[in-house]
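Below you'll find the structures, each written out as structure tokens.
Look at the two complexes coming up: chain A is in both, with chain B in one and chain C in the other.
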Partner chain A sequence: MAVSQATRAPRRPRRPRGPLAPYAFAGAAALYLVLFAGVPILKGVQLSVTDTQLINPNGGSSVGLDNYAALVGDEVFLRSVVTTIVYAFCTVAGSLLLGTVSAVVLNRAFPGRFLARAVAVMPWAVPTVAVVMVFRWIFNNDNGVANAGLSALGIGARGWLTDPSYGMPSVLVATVWKVTPFVMLVVLAALQAVPEELYEAARVDGAGMYSTFTTIVLPHLMPTLRIVGLLMTIWSFRRFEIIWLLTGGGPAGVTSTIVISVYEQAFGNSRLGFAAAIGVLGLLLSLAVTLVYFVIETRTERKNRVAA
Partner chain B sequence: MPTITFNGISKSFGANTVIKEFTAQVPDKDFLVLLGPSGCGKSTMLRMIAGLTEITAGELRFDDRVVNDLSPKKRDIAFVFQSYALYPHMKVRANIAFPLVMDNHRWWHHLPVVGALARRAVLKRPDVAEKVDAVAAMLELTDYLDRRPRALSGGQRQRVALARSLIRDPAVYLLDEPLSNLDAKLRAQMRAAISALHARVRKTFVYVTHDQVEAMTMGTRIIVLNDGVVQQYGTPKEIYDRPANVFVATFIGSPPMNVFVAEATGDGLRVGDRLIPASREVAGRVAARGEAVIRMGVRAEKVTIHPADADVENAIEARVVNVEHLGAETVVGFTLRRDEGAGVVGAAATSGLFSARLAGEVPLSADTPCRVGFDLDTVTWFDHASGRRVEL
Partner chain C sequence: MIARRNLGVGVRTLLATLLVILAGFPLYWILNTAITPKDTLYTGGQRLIPDVSRAGHLFSILVTDRSFLRWITNSTVVALGTTVTSLLMATLAAYALSRYRFFGKGIMGFGFFATQMLPEALLVVPLYSLFASLGMLNQLYGLVLANTAFAMPVATFILKAAMDAIPYEMEESARVDGCGALSILQIMVVPLIAPSMAAAAVIAFFDGWNEYLFATTFITDERKWTASTGLASFIGDFLIPLDTVFSGAFLFAVPAVVFFLVMQRRIVSGLTAGSVKG
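And now, the complex of A and B:
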């Protein structure tokens, strides 16, 4: 730490700029956000209080909060919220666990490590549609490898994408397989920031491999895992392709998350205004998670500051 | 409380040998300093003692026990890292107590949450807390126990690292350049603190440094290493007074020992084209070795400088190149070359530059002629070809 401070180049003398320069830089980004995120969100909110139909997108009339009132009592909607939360929780937990474990394994020196790393990130690099095609084939009832393997083992075939009790697990397997490499890459980068001496100090202090991980490496990874957890949660709330292409929300609606409902209401039932209301509620869910993250983050920071 | 025995220890990384055949014995409770320039293998040596680096060949023994294959923990050592290697997310108290927490490790500490609570409970146990408090008090860290390392200054971090090594009361303390990240004043303080610590705990210390002042002031024994080869093993006094070869002679001492190339002739010893007066008898002894050329080592404080016209015994003509006034003493750089003009800088200016350390203020100015004298009886002689010390 001291070294980096000592070797830091002396700051270049600051050229006098107009007082507006910083606002111009920040303004460009702000303008982008307003145009491509703010306006659509506002438009969505505006849509959500109308009865707009798909066939006549500009002809809706205001219905006040009727859409929301209908949603609060709608069992299908409430089920989709629960489905979304279950889906997000399992995806995040599974990918964080698997991603961290594989990062730790791939962080150790062994022959062929670079090849192993390259292979491990492939699911992330493959287009989602291709991933889904592969999993549809794996989960195929009659000639998929999952059933072929299980039958051969005498366990018997399952209706992976057709039996309501297996719909969610199948979608989860495909999702976790697809998104874990992202967690692995980020954790791998964080692991490389752990100084070698810390491992050695722990060895001298008598910590075993597992104790070293839990007491020294894991605390180092926590900030990274928190932010990755937040991102993965929000991404899970909005994930559409994998579910839609794999099960289309079925079987019997068990994998119908909020975004699937939005799509179905908007383009299946042509109820644009109603779909927008679902979308707004989904946005609130993401905001709630983000809020929880920032509360945790500020509390950790305050704890650290008190100790500092 | 072991005697450390190195029995033909060597270390190679692939085809690259960094330590060649090292044999020595360090008595119990000694303060051994491994001294040498960067890249000489001294840190590798320390890490081999610690068990952090594998020993390629040879045998390392603590008393009669061969420890080659023992883990660092089983060797009962403490290691202070150059970068301190404090655990950044733990408070000072937890950092210091970490070895004790690991001593009290049970299998169920591996469980999440339960393990964290159990470790916290160990921290709060009266016997552990008492030990931490005692060590913290000894190193004046009591006020900082609830801080995290990054909120500490360099010197405080250094003391936390020392405290963590002290807590388990190990048999051997291994310190890897622990003071190199501190400023000069703090370094002098910590030198004294570590020496006092050694006197207090009365355990074997092995200390790696490239700083000869640290080596001379703290060590009871010094191993001088260069290119993975042990140059000399002895007490600081032996190493200073009787350097084994030219490398040791010029590495130890500030300014380093002057080494002149001298030639024995019928009239006496010649350095370059200058004849040293009254050296006929010494020249005879040099010639008796069967080789006329020899290297002559003279400590800077044994050199005297006189005005150019003074009539002094054993003095030869020279030219003052620079004068450094240090208050209590003056270091005078001189050369034996005649053509040494002003304006020479860089390596050319320091090659062939010798130095004299004189007490008090000396009225000399740069680029003036002078006469340089030394006592032939205090000269250390080195073989010209091998650089090894020889007795005349």
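And now, the complex of A and C:
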């Protein structure tokens, strides 16, 4: 990157339209995001230090940091933080693992690969509401196919969406099913960048499937897996629809993540200010993870540069 | 060696089969449920292989619920609107981020990325009051504007990565010939990044097509509901037979799945442009 710019620079002026050109190009998008994401988020932060109610959204008065202070010792809130972390960790780990394995399996030619690939990516395209409807039906206590299958195997029925011990696993299954194809597609794309000679060399050395994967493929995939992992993590922190429509945060609050509490406090209990404070803390969690990612990324880049 | 290779093929085939079953079953179950009679569904009589002669029931919601078609139309409007506004702004922004160095570029890149962290559940309240004051509640274009805030940054990243892969030297000659930056973008860059444009378009389209929270909060007029809102209103509603509801889920999912499959090759190559660059 740096090299190519150095060789390019002396040849010709880079900005024929003057220094304002990039602002003209990016201006609309930047302004748009300020208006439809920046301003609302600032408004959310401002709401979080008030006692605003849903019935009178413009009528709250300032309460300082009371909402945040109330959250610090709030058991329900702390539990929602733990739930969010568990949910995020399991969906990220599950989708990265399954997505990578699927991509590796589907990368090599075999009869029927085209069809297998088509089916494997479909969950990504199915609208969340339809996903929720079918999983609610699969997990239905009395007539669902999950329990029918278990009974046929001689194992008793489970209350997938009604028993607190199965609420989280059920939500995880539905989520991982829906998001894994994204990981698979990106990894599949990254696999195209692994030079064919490396596979060849591994074959000559008599390396098996597993050692080829760990020594050749995985190092090539790591940068991709890191950025996909980051995206998956911050997306799970804010994922709302699939959890809300499947369980509404239940049974007994076991799937109530931070964003579910935000929505419940705002629209269920009408406490907009309090809800906003929860949302802001959730956002800080995402920011912290992003920060950690960029620190790790800069370190690896520096290490690679030293090694090279 | 040969034995090991064969073993590899066996394991691969087994894994691929398992993958197809896991990924495909819930989709198949939507179809299966839609064509199984409702009395059978509620008595635990649903079979793994349904009565195929009832395939016509896949479309039963079109007969029983006339508002469904209107919801689908609304979803289409929102999805297309989101795609067009996102791609227009994203193409221009990606060109700036890819080709220029300018003050504020780092902040802009971070800002675009940061949108992916913003929880809709937190944004929905301030956006609601913003839209209320602008008179944009119950308007489909209001949904387009809200969805674009999430779809456009993703499109920008995909397009920027694709543009980064195009050698700058190609544009220089055009520039010497007196072409402006905008016409270079139009004539040279856009055709070269067509696969990535397609990938970004599909992703933006799905954002609009699938979105539920904004659609449900901002649109209260039933005639302007999107299919997400309309179908979600059936959840837990026992007045509408389950097979009909699943006919709706099927018809809602099919356009997205087909559209995706048609574009699949371009999506993979569009994403490749991004990941190769790393």
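We adopt the following convention: the second predicted complex is superposed on the first by the 289 of 308 C-alpha atoms of A that agree within 3 Å, B and C clash if a C-alpha of one lies under 4 Å from a C-alpha of the other, contacts with A are read in each partner's own complex, and residues count from 1 in each chain.
To be clear about the criterion, a contact is a pair of C-beta atoms (placed from the backbone, for glycine too) under 8 Å apart; a residue touches a chain by one contact, two chains touch by 3 or more.
What you see is a predicted model; the values in this text were computed from it and never measured.
Superimposing the complexes on chain A yields a three-chain arrangement in which chain B and chain C fit side by side.
With both structures placed on the common chain, the touch criterion links A:L185 to chain C but leaves chain B unconnected. In the superposed model, A:L96 lies in contact with neither chain B nor chain C. When the two complexes are overlaid on their common chain A, residue A:Y210 makes contact with chain B while staying clear of chain C. In the superposed model, C is the one of chain B and chain C that contacts more residues of chain A. After overlaying the two complexes on the shared chain, residue contacts for A:A30 are found with chain C alone; chain B is out of touch. Rounded to the nearest 10, the angle made at the CA centre of chain A by the CA centres of chain B and chain C in the overlaid structures is 80 degrees.
Within the superposed three-chain model, A:P19 lies in touch with chain C and out of touch with chain B [touch as defined at top]. Applying the stated contact rule after C-alpha superposition, one finds that A:N304 touches chain B and leaves chain C untouched.
In the superposition on chain A, A:L198 makes contact with chain B only, while chain C stays out of contact range.
By the document's definition of touching, of the two partners only chain C reaches A:T128; chain B does not. In the overlay built on the shared chain, the residue A:L71 is in contact with neither chain B nor chain C.
The overlay of the two complexes leaves chain B and chain C separated by a minimum Cα distance of 5 Å.
Taken together, the two complexes place residues 206, 208 of chain A in contact with chain B and also with chain C. Listing the residues of chain A that touch chain B in their complex gives 1-3, 195, 197-198, 200-208, 210-211, 214-216, 219-220, 222, 304, 307-308. Considering their complex, residues 50, 52, 71-73, 77-79, 81, 83, 85, 87-91, 98-99, 102-103, 105, 109-110, 112, 115-116, 119, 146-148, 150-151, 154, 164, 181 of chain B touch chain A. On the chain C side of its complex with chain A, the touching residues are 1, 4, 8-9, 11-13, 15-16, 19-20, 22-24, 26-27, 29-30, 33, 41-44, 46, 88-90, 92-93, 95-97, 99-102, 105, 108, 111-113, 115-130, 145-146, 148-149, 152-153, 156, 168-169, 172, 175-176, 180-181, 206, 209-210, 212-213, 227-228, 231-232, 234-235, 242, 245-246, 249-250, 252-253, 256-257, 259-261, 264, 267-269, 271-272, 274-276, 278.
Taken in their complex, chain A has these residues touching chain C: 8, 11-12, 14-17, 19, 21-23, 25-26, 28-30, 32-33, 36-41, 43-44, 47, 57-58, 101-102, 105-106, 108, 110, 112-113, 115-138, 142-143, 145, 148, 177, 180-181, 185-186, 188-190, 192-193, 206, 208-209, 223-224, 231, 234-235, 237-238, 240-241, 245, 258-260, 262-263, 266, 272, 275-276, 279-280, 282-283, 286-287, 290.
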